[in-house]
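You will see two complexes here that share subunit A, one where it goes with subunit B and one where it goes with subunit C.
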Partner chain A sequence: MSLTKDAGHLFRFAFLFVVAFAVFLVVRHFVVPKSFGEYGHYRGAAIGEIAARPLHYAGHETCETCHADILQMKKAGKHAGVNCEACHGPLANHAGDPSIQPAKLDTAVLCIRCHAASAAKPKNFPQVDADQHSGGIACETCHQPHSPAIQSGGTK
Partner chain B sequence: MNLDRRHFLVMLPAAAIAWKYVLAGTPEASPNYTMTDHWWSMLIDIPKCIGCGNCVRACAAENDVPEGHFRTWVERYLVTDWHMESPEVISPDGGKEGFPAAAEEANGKYFFVPKLCNHCTNSPCTQVCPVGATFITPDGVVLVDQTYCLGCAYCVQACPYGCRYIHPEKKVADKCTLCYHRITKGLTTACCENCPTGARQLVDLKDPSDPIHAFLKTHYVQVLKPQMATGAKVFYNELDGSVR
Partner chain C sequence: MNGVEGYIYPNEITLYWSVLIVLYPYITGLVAGAFILASLVRVFNVKAVAPAYRLALLTALAFLLVAPLPLQLHLGHPERSPEMYFTPHATSAMAMFGFVYLWYLMAVLVFEIWLDYRRDIVLLSQSTTGWKRLLYRIMTLGSDNISPRSLVIDHKVGWIVTLVGIPSAFILHGYVGFIFGSLKANPWWNSPLMPVVFIFSAMVSGIAAVLLLYMGITKWRKMPIDMPCVDTTAMYLFYIFILDFSLEMLDLIHRVYEADESFRTLNFMVHTKLYFSQIVLQMCIGTLVPILLLGIVQVTKLPALIRKRIYVVAGCLVQVGVFAMRWNVVIGGQLFSKSFLGYTTYKMGLVSREGLLMAIFLTILPLGILWVLMKLLPPWPEKQHVPLPAATPAH
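Then we have the complex of A and B:
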């Protein structure tokens, strides 16, 4: 057959192509992660890995399982909606091991973070000019942070 | 059922596709958590924000956010009279240590705008990734697979909200995960947990009992840059038109 007589080079080329494709498939099998494409064009296992990152804030529900007394006090006052770690800081390590003591807090820094007077703040939010308001007396002398309204009798 | 060979062969690929969808709904490692039951987002109530910076600090502590970079930050706007196109915006250190006291402005208004990833349904950032390292999960959170990211920063440029950055040590894209490691365990995000006024609320749009549904019915709510059709899911209550 005159048609196939000189076709050898075509078959060699086709053979090379098939081999290259097979190599591509083998390499691809090893290089593409197992879970790639599980949910879309990404590595499905990444979702689980990100979900497994460590916690730093335990969450107020965790705090309340032990500190129910504070919860009761807080519930009645204006700070009912302020969660524990908003002032106390991240305490997941304390929740996991109660022998780890949280750092002592400084009300002179904490209270003013929210309550320093500024015209930029919503008008209905309680704000004070600290120097004018207390003249340097510590906030907790009059206001119990867990229930900040001034109690009769002054301190606590 | 009589199945001849021809029909059986036709059914094979159909069955394979169906099985793929069954697998796609399989929950991930977290027990009692089914991704397809949730569609996460956030509500930001502008009139409640006092600019204390608690969210920024909490985010940094929870997620080890590198110094000088932000997954969430707070901006303070001052809009004078009718000058909506040129508001004065400040965000010192992302609002991490709060804001300087502002004097009363007779002819303008102040307000705070907390910002974070909008976890867009049709996000430009995930579309431009050349390697499939960033994606939206079946529960609606835009994440970065940092083991797969090349650090090309294409997504950083693509985000219309400036919510991504290249991690200075890891040299890969980093961004808000909506505290995915918390919300999959039934906790709220670090920023919402630590917001003292409730200005930030984690929202599950697929949960019919979520208060967001009642809120959306009774309030005038906006997303950022709606004209970009990104499908942004962070809802802002009483958002001023000057916010970009």
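Then we have the complex of A and C:
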């Protein structure tokens, strides 16, 4: 009897913890999204939201249905494995409505993105030091972007 | 490139973990160390240290309150931090730390301080006026029962809390070492000894900090320094320091003997970029010199004045050494490339969010908090302006 009385303050402290925990649970109920944990440690609804977002990339198969000529050229060249939109950027809007003109590309910056010489790249990947190689002239002047290898009798 | 030598991957050039991440283990270390000192009195019954008991608890609380701030500033989205509690992620050590922190703060430190001060709080709530009275009344939680029996109960419960607190303090700080030690991608950090070394260096820095604070505050209050208290504290500091030093040497010898593929790179780094902070500051000035000083006190009979001066010098050097150790771990671990072929440089900002001024501010802030806590909960019985009336029996 007197134990509960003399330890009463401890129960008050414990009660404070219980109240804090209850408040925590209530707040948690409101702030944690309903679909959290549906599939894993994330918001289940996020999948639907992401899927509903507009597409930016059309995929090379789509481009190829209209630009068969480019495909023919590219297939034979060294860029056969490089996708259209890796260079042209996302063009889903153009693929849906061809009257939208894609932006012109600047080869002086585009090509270097992949071909700049760096010790970190595999030795057999074609790479050049742009300043020494072309001295600032756009790469397109000598290389056809869709079939870049220069056969004998090239400009240089 | 600026500050880069040899070959380094692009994502290794700038350091992501800044000086604030150095400060963070340093501060949690002080918390753990101060608490261990308090537990000496409480659980291990080292009576001599009793005058510093309450100060140790308040120091631990003041630093613990500041401990998350470096992380918040580093991450920069404080509004997201509660999600760590709302959607706990059991397999992430960093995410689980939120719970360790909260447990340690509320169930160990605040509870123990409350139990220890309850009598004072009740008396203060009766003797003060105005907003102070209100504050103390809230702190009593509406119970002014300070009958001898209730105080005995408090004492027993406090003992249990401290007992639970010791492993909690170890987890709190061992966890910080664990985060580094378990990173298998980084050979500078990856070591199972890391948590243990962190705990022992934490004890060293925390005990030294309380020793310095106790001497400084007592001097400032123009009160006599309790020599048995500082002597005993310094003795424990010395022994724990020896253990800490042995563990660090064990780690070093292990690395040197193992000499895995990273060894040449790390060895080179210790002899160049980290030479000053590792060899000079951490090992010589911050470890060997204070051990030597504290050892001299143990084996000779020096007058009190000299002993006090030695403690102050050794205490300050310990802080330098332990801070340098955190620096070498956190910054050192990011200076070399995973390719083991190059090194980068840490450029510390000055007034940026993670710069030097912020780090200095965060180091001083706990002292300000400690000052407020000491005003609110005076750690010294003789300082009370009201003579303590005999405990009133429970009604």
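As a convention for this text, the second predicted complex is superposed on the first by the 100 of 156 C-alpha atoms of A that agree within 3 Å, B and C clash if a C-alpha of one lies under 4 Å from a C-alpha of the other, contacts with A are read in each partner's own complex, and residues count from 1 in each chain.
In this section, contacts are C-beta pairs under 8 Å (C-beta built on N, C-alpha and C of every residue); 3 or more make two chains touch, one makes a residue touch a chain.
All values derive from a computational prediction rather than experimental measurement.
By the touch criterion stated above, A:F36 is placed in contact with subunit B and with subunit C alike. When the two complexes are overlaid on their common chain A, residue A:A103 makes contact with neither subunit B nor subunit C. When the shared chain is aligned, subunit C comes close enough to touch A:L16, but subunit B does not.
Using the contact criterion defined above for the overlaid structures, shared-chain residue A:A119 touches subunit B and also reaches subunit C. When both complexes are overlaid on chain A, the residue A:F24 reaches subunit C alone and has no touch with subunit B.
Which of subunit B and subunit C touches more residues of subunit A is settled by the count: it is B.
Once chain A of one complex is fitted onto chain A of the other, the partner contacts of A:P90 are limited to subunit B, with no touch recorded for subunit C.
In the superposition on chain A, A:Y57 makes contact with subunit B only, while subunit C stays out of contact range. Touching of subunit A by both subunit B and subunit C, each in its own complex, is seen for residues 36, 41, 119-120.
By the touch criterion stated above, subunit A contacts subunit B in their complex at residues 33, 36, 38-43, 46-57, 59-61, 79, 81-83, 85-86, 89-90, 113-114, 116-122, 125. Residues of subunit C touching subunit A in their complex: 7, 9, 82, 85-87, 89, 106-107, 111, 114, 118, 140-143, 145, 147, 149-150, 153-154, 157, 394. Listing the residues of subunit B that touch subunit A in their complex gives 23-24, 28-30, 35, 47-54, 58, 61-63, 76, 78, 98-105, 110-112, 132-138, 143, 145, 147-148, 177, 180-182, 184-185, 187-188, 190, 193-198.
Interface residues of subunit A facing subunit C in the complex, by the touch rule stated above, are 2-3, 5-10, 12-13, 16-17, 24, 27-28, 31-32, 36-37, 41, 119-120.
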